[in-house]
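Quick one: the structure is below, and I'll ask about it shortly.
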Amino acid sequence: MNGSSTALDPQTMTSNDIITLCHELGKRFKERAAKHDREGSFPEDDFADLKEAGLLSIMVPKEYGGFGADFVTYTRALEQLAMGCPSTALTYNMHNIAIGSISEVDLEAIPGRHGREMREFRDWIYKEVVEGQKIFASASSEPGIGAHFSKMTTKYEPVDGGYVINGKKSWVSMAGYADYYVVAARPPVVKSDIPPISFLLVESGNPGYEFKFNWDVLGMRSTSTNPMTLTDCFVPKDAMFLASEGLALFKLAREPHWTIGGYIGVYLGIATAAFNFTVEMLKKKKIPGTTMSKSEDPVIQARVGEMYSRLESARSVVYGAAHLIDTRRGTPEANAAIHNSKYIVSELGPWLTSWAIRLCGTTAIAKAFPLERLYRDSRCGGLMPATSDECLTYMGKSAFGADLSKPAETYW
Amino acid sequence: MNGSSTALDPQTMTSNDIITLCHELGKRFKERAAKHDREGSFPEDDFADLKEAGLLSIMVPKEYGGFGADFVTYTRALEQLAMGCPSTALTYNMHNIAIGSISEVDLEAIPGRHGREMREFRDWIYKEVVEGQKIFASASSEPGIGAHFSKMTTKYEPVDGGYVINGKKSWVSMAGYADYYVVAARPPVVKSDIPPISFLLVESGNPGYEFKFNWDVLGMRSTSTNPMTLTDCFVPKDAMFLASEGLALFKLAREPHWTIGGYIGVYLGIATAAFNFTVEMLKKKKIPGTTMSKSEDPVIQARVGEMYSRLESARSVVYGAAHLIDTRRGTPEANAAIHNSKYIVSELGPWLTSWAIRLCGTTAIAKAFPLERLYRDSRCGGLMPATSDECLTYMGKSAFGADLSKPAETYW
Amino acid sequence: MNGSSTALDPQTMTSNDIITLCHELGKRFKERAAKHDREGSFPEDDFADLKEAGLLSIMVPKEYGGFGADFVTYTRALEQLAMGCPSTALTYNMHNIAIGSISEVDLEAIPGRHGREMREFRDWIYKEVVEGQKIFASASSEPGIGAHFSKMTTKYEPVDGGYVINGKKSWVSMAGYADYYVVAARPPVVKSDIPPISFLLVESGNPGYEFKFNWDVLGMRSTSTNPMTLTDCFVPKDAMFLASEGLALFKLAREPHWTIGGYIGVYLGIATAAFNFTVEMLKKKKIPGTTMSKSEDPVIQARVGEMYSRLESARSVVYGAAHLIDTRRGTPEANAAIHNSKYIVSELGPWLTSWAIRLCGTTAIAKAFPLERLYRDSRCGGLMPATSDECLTYMGKSAFGADLSKPAETYW
Amino acid sequence: MNGSSTALDPQTMTSNDIITLCHELGKRFKERAAKHDREGSFPEDDFADLKEAGLLSIMVPKEYGGFGADFVTYTRALEQLAMGCPSTALTYNMHNIAIGSISEVDLEAIPGRHGREMREFRDWIYKEVVEGQKIFASASSEPGIGAHFSKMTTKYEPVDGGYVINGKKSWVSMAGYADYYVVAARPPVVKSDIPPISFLLVESGNPGYEFKFNWDVLGMRSTSTNPMTLTDCFVPKDAMFLASEGLALFKLAREPHWTIGGYIGVYLGIATAAFNFTVEMLKKKKIPGTTMSKSEDPVIQARVGEMYSRLESARSVVYGAAHLIDTRRGTPEANAAIHNSKYIVSELGPWLTSWAIRLCGTTAIAKAFPLERLYRDSRCGGLMPATSDECLTYMGKSAFGADLSKPAETYW
């Protein structure tokens, strides 16, 4: 951002201002996306822009110096960023997952020492984000079990002055670029069926962890998503997230929007970008041997109409779910809507980009255009938790009346 | 309705009250739907209930004694009625098409004699509905051209004291049961490409028309949808709808919600009824040779999850479109949303009911259950204007930037 | 058939002759199909034609006076009949299921008394069909368990001179019209996990059974498919099918083509009839307001191309499976192909007929045309054993290498 | 190939021998495919293997020293090669397109000087292939018109001793690696609506052409498919393909199997490879937190069953079409089957590989596995002529009875 950006004041920005800001950033990210994709390099330049705009604190409440975005705003902001660079939007979301959930707890109401410790943690982490411009990454998934928290094997053990963590994490996005890694772990001994998973902050540079940089994949190539090994990794006592042990799984089951909900804006942005590209290319291309635009071809019109229909339907579902998170967070209705959104928008992308390529033709598969990358990036959505098939099962059970706020009933 | 219903006061009913009322009526209609379907008989008993509840004036503004429902309320009301009897909801909608559009014009602002005549017509028609409990039917489609107004051949000619209408109409719902038929017709001489179509009221019993009762079809069997022949059919001068000639086609192109929008509530109701039935039946059915419910079968859960996803997505699209009609009527965005809704919900039905039968099994195809009827009724949605393929073309053109408020660009 | 039909000699008829004969019969059945569908009446007139043509013995080997059709011929013959009347073809197939499997066993190779008894049964049953023109029906499915033989509860018990059968059967097609009912039953005591199911012939008029005529359903309305109650129903010793106890389940698992394979010709015929109707109607219909045929509309061409593609692909799959039954009966490859055919063609019908109605428009849903009936009939295919979802599971397991010739691995 | 390969004698090899040989080669290609894909490098090593096996002459008749493969064998051979490396199989097919069509003409029957010249050309080209191991590439498509021969702008003009060619070609596969480029061109003056397109051979090293190496795309990255500019490119008189001018377009319309048919084996191979990979991966993967294989998961079984069904249906369609080319080449039935195959198998790939990734999960998108490459390669099929939408239109017109052997009726 140039000098004028210093004028941005999170305190006074409206929802539309935030979305417009992200729209502008997205346009900038778009210029760099192909290079990062080809190299598999992390978009440090994009994150520099995000920092300059102060957007690391999009989910920090206004009273703590952040933008205090609601979920609709956040979703639409992610959509704009993803239209530029899906990898950037996706990793940016990982950061916000860690931060966003904090503001949803009414910490003032929690009495005693625990309440005080939680408030201290909150104050500290907000300051790290707002003033320190620190980036938080998430380290939850594990080899062989994915994001199934209930099967987690990484352990933390209390030691003098803190904890020691041991285990292996897969798919840690922003590996090597984050300032903190939020590591999910279980205590050494678990007595119940539902293990009490906790989150612990591991600071960048801690000698107890190691990354293996092997992310070389189909899509979302710039996310630096790599496996992490934690070996006797010591963290101080105040590294315990929100000063609270064992809440992860219950929170996941009851309020899955953070873990799942961020994806919906990202993948909606991918589909929207692919659709817009398609419309523009078809308008420019001629029906072979004529001066007529392909947009005049009745079959093309019908096909594009079908793509429009599915895209706008997905948008309706996604915005509707985001609105429910803002208004009825944690209700069965909101949770079902989140899973529906995640499913709809994840499976929309591969379908829509495949059709886009089919309609645009061979010209459009060149790396000079973004469409082929969107085809690749979009296929990753349904693999992230909750996977497409987990979403379907969730909705099916929900329709049959299961109580999915119980961890034992969910896929975690 | 029993005596208590006399307590209903349209003036004080909220949106939720109206929907609840229709929910109750729908339950009653459900009991009669199979009989009317089998016989192909018009649901006179359902209409008696609608009259008793005063619901013929659902679209009449409160200041004229009606319910003054907005489009969201209207859509959800239709949905409830259709869950009971789709044919009833569909014909009821035909009545409201005629009435609903009137309140959208600000007649007070129209000066001179024409304004006065329009206001007189409005006052008269509202009174016919509210006090006279009169039912209005629509006679627009014609053999070979369907609802393509620009190709219409039925003509009206000014004569002493009124007009004479000649032509043939197909698919006049409520044929033989309505009190008035709103007949679309063109003048004998048309100078422009876009003919100035007008609507004229033909009162029941007018000797100038004749029905051929031959409606014997797959679904929507109780709508009494039959062809009408008008032969030198005289109507008085004040039969000219809204005292205005030639406005039909422009209005259709600019504000297609009345012609199209009513269907969306009806077909959403059908899909919802089919889904609810499926869930209940699968919960009751056992996995063969076990005491476990089919709802425990993981494949069934995934399938039902998929059905739920598509149904709730359609609901999101439909309610969203209805909301746009209420807030941004006539905008390109609202019109595209209406066409998307019409398309989505029309094609959802056959897909969803087909899957419902597949999952529920042979037991469920018995006429003792509503599912087989819903399978039949639902296939009719995509045939009504705008047809599914017209909707797709509309959306495709819209995405390419065509100005669809021009009649020449639309499918009419 | 007129007098010339007496010239038909099964001994000299080629495969093509049989298919042509069925094509001619199909055209005749087509004239009557609507009436039987409306009334739910059994097509006795169609069966009179089948008898006159000698076609009850289509699966009886030539050396026993039958047509000796191979499975490809049989499949294509059913297809032709189903193009005329699906209900007739479906019930005709039930008859052939009973007869067809007999010729596949090399009875001459079976030694001793059992071999002799089997040969006697075969000779007798062939004579009943060829000379006696007797119709055989199948009574296998049961309430709550469908066609899952391994869960069967109907029991037979040896008594003096024969057996006594007790139990309830659902969905006995040709109820009240067959000469014999082939009843599947288990012995009173079963020691293994896989019960030794046997088939017993119950002759029409036996006082030990009773039908409840309640078949009033969506489609396949003329099949007289009704529940049967057997109460101390005595049958003589030689009523034991093929003089052999307990072979049913093993045969089903190893050679599922009889139970499943007959459906593929029937449902292919339905889809073909619907497609042909659609092409003819669209050729005749004009694009509204023009003299151009709808077949000139590029969107229609693309849609019909898609229908053609799926229909011809299904035909390729079905004929291929039938060919495998003729050449490699009982192999895993043949059995997977049968299940694929059953699945493909069962789910093709609802899809194709739904599209056909969408393209043909409101005119086409009149009962004056066959399309609406085909829409209804076609939805029944996926419900019959193996159901569409059973077929998918079968294929999935097969792809993973399961040995599906073991009853314990299948869905029976 | 090691020394033992010298024992290969095309004259005595059966169809199965050829397929087995290609299966072995395919396994070798598979090892190199990832490297070529990443680099976008042409698989020269694969072509060295093909040459060593003598397979450049797969379509040369046995009497001329080739393998004399029929179309079924050829299709299955391509399938095997494509299972290893789709790019290799695709470019290999381009070579065979040029050679294969020659043997279909009965040149002995053509009288006079023209017949003699044609036979001389044939003898020469077969020798170039069999003894010279020369590779032939195709240069037909042009910027803005794709493979629409009737709109072609590249021109050839007779000059002293030969012809001069001027024009631009897009998408010349094997650019820079072929020994000859078969260039399609029109005469300078064309009097009819259907231009008489001819093919001319341009030898590698001719100074009159230039490639721009810019192939950097989604999939099929190793095909070296680049644009060619011909500037006053002189070729001798005997460079006229088959010594015949102007036959191209008629041949294309009447016998489209060479231009289209080769793709079907290639894309079937891609889908098969993706399916096999999926089955193996799912067998190995465990259901999270258990020791059970994912292949035991009922939902996975159903999904894999669906994939199997579509793959085996496509195989049935593809082999069936190839068989029709062998037995009824040029008939409307064969041509429709080719277009159906091309469509089915082109659109199967993106669908199947997308599902494969969805089921296999994040692990499977690593470049260490072939699946992500198959996802990319498979999307290219529908873009090659005839495109998926051209195929649908072709089939739709065919169903309506159009005579597609007339160039004016086709998409060329």
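In this document, chain identifiers A, B, C and D correspond to the written order of the chains, with residue numbering beginning at 1 in each.
In this text, a contact is a pair of C-beta atoms (placed from the backbone, for glycine too) under 8 Å apart; a residue touches a chain by one contact, two chains touch by 3 or more.
Predicted model, so just to flag it, every value in this text is computed and none were measured.
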Chain pair with more C-beta contacts, B-D versus A-B: A-B
Furthest chain, CA centroid comparison against subunit D: B
Chain centre separation in whole Å, for subunit B relative to subunit A (CA means): 42
Rounded Å distance between subunit B and subunit C, as computed from the means of their C-alpha atoms: 42
Interchain centroid distance [CA atoms averaged], subunit B/subunit D, Å: 53
Two or more partner chains touched - positions in subunit B: 298-299, 302-303, 389, 393
Interface residues, subunit D side, partner subunit B - complex: 297-299, 302
Touching residues (chain side subunit B, partner subunit A) in the complex: 275, 279, 282-283, 295, 298, 300-309, 312-314, 316-317, 320, 336-337, 340, 343-344, 389, 391-401
Subunit D - residues contacting subunit A, complex: 144-146, 148, 150-151, 171, 214, 216-219, 286, 288-289, 299, 303, 347, 350-351, 354, 357-359, 361-362, 365-368, 372, 375-376, 379-380, 382-384, 387-389, 393
